[in-house]
Amino acid sequence: MTDTVSRFGVVEPEELPDDLRVRIGEIAEKSGFVPNIFRALGHRPDELRAFLDYHDALMNRAEGLSKAERELVVVATSGANHCTYCVVAHGAILRIRAKDGELADRVSSNPWQAELDDRQRAIVDLALTLAQDSAKFGEQQLAAARAAGLTDDEIWDVGAITALFAMSNRLAHLTALRPNAEFYTMGR
Amino acid sequence: MTDTVSRFGVVEPEELPDDLRVRIGEIAEKSGFVPNIFRALGHRPDELRAFLDYHDALMNRAEGLSKAERELVVVATSGANHCTYCVVAHGAILRIRAKDGELADRVSSNPWQAELDDRQRAIVDLALTLAQDSAKFGEQQLAAARAAGLTDDEIWDVGAITALFAMSNRLAHLTALRPNAEFYTMGR
Amino acid sequence: MTDTVSRFGVVEPEELPDDLRVRIGEIAEKSGFVPNIFRALGHRPDELRAFLDYHDALMNRAEGLSKAERELVVVATSGANHCTYCVVAHGAILRIRAKDGELADRVSSNPWQAELDDRQRAIVDLALTLAQDSAKFGEQQLAAARAAGLTDDEIWDVGAITALFAMSNRLAHLTALRPNAEFYTMGR
Amino acid sequence: MTDTVSRFGVVEPEELPDDLRVRIGEIAEKSGFVPNIFRALGHRPDELRAFLDYHDALMNRAEGLSKAERELVVVATSGANHCTYCVVAHGAILRIRAKDGELADRVSSNPWQAELDDRQRAIVDLALTLAQDSAKFGEQQLAAARAAGLTDDEIWDVGAITALFAMSNRLAHLTALRPNAEFYTMGR
Amino acid sequence: MTDTVSRFGVVEPEELPDDLRVRIGEIAEKSGFVPNIFRALGHRPDELRAFLDYHDALMNRAEGLSKAERELVVVATSGANHCTYCVVAHGAILRIRAKDGELADRVSSNPWQAELDDRQRAIVDLALTLAQDSAKFGEQQLAAARAAGLTDDEIWDVGAITALFAMSNRLAHLTALRPNAEFYTMGR
Amino acid sequence: MTDTVSRFGVVEPEELPDDLRVRIGEIAEKSGFVPNIFRALGHRPDELRAFLDYHDALMNRAEGLSKAERELVVVATSGANHCTYCVVAHGAILRIRAKDGELADRVSSNPWQAELDDRQRAIVDLALTLAQDSAKFGEQQLAAARAAGLTDDEIWDVGAITALFAMSNRLAHLTALRPNAEFYTMGR
């Protein structure tokens, strides 16, 4: 048992290229700490930059899903994928975004049956099929989502966030990424 | 979306037969609240009594595994079984027993790869095979547990607790059992 | 290849505490032999006592499912769980309870497609989902059971018996429990 | 619930082309009844003839595996495939060939952990991987079989019988084939 | 890395019994080469003969499914079974039979969601359930096939071809059968 | 059956923001056509830009894995994920990069058993575990990769490419992305 953040070591923000140093610095200022994912990806600055860009394009988008709904997709699929870092870190963000201290634990422990309203359930069901059974994703899932009132723009949001965290979860599994201690209690 | 504790309704302690009323009363006094599992099982007093007896025989046993190790088995297998009630309730107990605010979330979100010491890892691996792939449980698992220093008495503890919570998890899934609000923050 | 009843040894009825000795004695008298599960659990009398209590509360209950239906749940889920002891022992009991020499073998070999009447099929389908895919058990399964005429009391019976044998199957897998020779031919 | 032998109807031996009528007649004389698989395949005589030829080439072969070992492969893989007809019919034949009243039920209910001698275990393990996880079948399985003393000719026997019953099991599932009543008690 | 056609060696057509030598010779003349499956099965002439008979009875049958539809069943189930030989060899034949250079690659890479017309989709769905989840194959699948207009004779064709290639795929996995180079580009 | 490239429509390069128009233009000039993935992602330019950046950071990286090895990771994991677009498009690129007309079809149809040299096999095995069973990815996989001579920098490459295509495969499943006709025959 070691006490490392990542199997492949970390790079601190001040060692990063200027644009990333500034960018991670702003996140750290807002959060009060540097989320470990950025320290773990830091030794490949081009990958970290693309990761941040993709993340921001989807998670900070003004139209489509609400911010809480975006985090709901992340927590549900990360729970299904058993990704500790994303469950703990995005669980914290979901608690804050949804102003609900229990939702994240309920969704991450059992995304298939967590009690949700109809729109949330449709979002989570769509995400789970694409996350776990993507070869069978098809018109049936789209029809169910549309029947619950999701627009095609919202469906794309759900699908693309699910896809992004299929990647992100696997990066966390690759690195055995440890969640920052702060995430465990944020928003409770 | 309803706000019920159990799909099948609950029975409050004061409605229970005397022996159960006293027994649940003692638990409530110690915990500060009545864990919902007892309210949900209450309308079948004979089943609730046998459940409590089985639980106490295994979870309060003086020999064999430590109390923290017993909860580790519960949290690991309940995480693998996606049982929200047991993850949240026994996660709280594990935090207290192990005096560790992070262990429960790490083990429940990914029991297969959570960083543990060798004895803990052997306990969890044994439990996971029996919980999830019990038809293939055999000499290979026993040999690995013994190689990690577990005695046959300890192996029985791990196996029997895993079996008990295979039942308990399914009772929680049957009733869509809601964790008490108190459990989410206990021991953090 | 050894010829043992249980990996962890057995305790004969006469070595048990008085209450258990009497209780197992009555079963032995009725059956003509001591079912091996009791000899295997005997070295932990408190667990054996709770096991018997839970078993009797569910399998001997006067209301709800018929006795044959209770055994149908056991054989179907034990077949799906590949539990040799429970398939062979409860297969024998099902043959007797249902007065049908073929039903048990058909249900244990393929519980999903064994030809059953509508009520039996609803019972078995409910049990199989909870036994094998419990994280996804929800309103859809309950609605199907109710549509087939099952009351909530009967649904609890199906669910609780399934849960009890999720435990029992795993105890048999833990101990590599050997069925008594008598069970193979009883009721044929 | 109907009481049919096959979803697609049956053809009685006397309705078959001469060569098949004679051939099935000999089987019926030897067994005392016409196994239902032949009645179910009868309306496609060319397929029935090829089925019989393939079956005889593998199950009556003089060299290689013993007859009991051939039936062991059939019962183990048919159990894993949940094929009621093959479990019941070939379970009967295995009881007779192995002169063992319990082996078939133990192997069909849990082929992965049924207690077997080392050679039988190697045969069954090889068969199960090819039956259930054939895309991952490779040098590792062959090495384990050879280490247990199987020759390449015997390995081919195990593999080819497994393959034949991958077909046969699916024909039984396609037709919902009902085992003849005689099979349930033969050899007990 | 070796460069063999089969793990168990091959037999050339001229070494085969006369009837098989002639029969394989005719195939070779028509194809321009001897498909490796026949060379791999050649050292067991009785099995090869039964294999050819079964294959011809189903793949050359005049009534029922069209020849392209028969190959569609083969390519879909072999893709789901990850059988390289059958995907490459029958992919070539499907390209020719369906006069479509893309269909085989689309169906073998993702048989569940490849864009097909309604009749083709019904054929493939029926085949996939029987190939991969045969214990759960039942009236639901038959009803869906009939709703799409398939006759019972056509359903038998789909089922029997699926069953035959459940065998054939496993023989290819057993032998690590290498596709002939010619198949990769035929019909593109 | 429609004949669309993506369920969500496409954006042609000339409709894209200048930087993307130039960038896609260069790809089109080099390939002779615009790969459909870029047309499908085009209506979300920020996501397309991040996708291209991430792709280039990993697939055009000078150090670490060779270009053929990078495509091997893509084809193996896309085959396991049943992603038609990535199998067909990156299969074409792998044929070109590896100068081998058969490798892509063999790897995509059965990545677990395709015959590869030891280094290739270690790369593919690492990738498959992370792609399909990421919750169980751990020290065992890393040790096997290191034993085959992979450096940690190469292991990161394998893991990060696997993660990127876990995303990319899901985007293709989300959009039902059709491969360009050109890819089917390139490099054969």
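We just call them A, B, C, D, E and F in the order they show up, numbering each chain from 1.
Rule of thumb we're sticking to: a residue touches a chain if its C-beta (ideal position, glycine included) is under 8 Å from a C-beta of that chain, and two chains touch if they have at least 3 such contacts.
Note that the coordinates shown come from a computational prediction; the quantities given were computed from them, not determined experimentally.
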item	value
Distance-maximising chain from chain A - centres being C-alpha averages	D
Classification of the chain A:chain F interface as same or different, half of numbers criterion	same
Separation of mean Cα positions, chain C and chain B [Å, integer]	22
Centroid spacing, where centroids are CA-atom means, of chain E and chain F in whole angstrom	29
Distance between chain centroids, defined by C-alpha means - chain C, chain E (Å)	43
Residues of chain B whose C-beta touches two or more other chains	82-83, 110, 112-113, 135, 137-138, 173, 176
Touch relationships between chains, expressed as pairs	A-B, A-C, A-E, A-F, B-C, B-D, B-F, C-D, C-E, D-E, D-F, E-F
Contact footprint of chain B on chain F as seen in their complex	135-138
Touch list for chain D against partner chain C, complex	1-2, 79, 82-84, 87-88, 101-102, 105-106, 108-110, 112-117, 173, 176, 178-179, 181, 184-185, 188
Contacting residues of chain D [partner chain B, same complex]	110, 112-113
Footprint of chain C on chain B - complex, ascending	7-8, 44, 46-47, 49-51, 53-54, 56-58, 81-83, 130-131, 134-135, 137-138, 142, 152, 156, 159-160, 162-164, 166-171, 173-174, 176
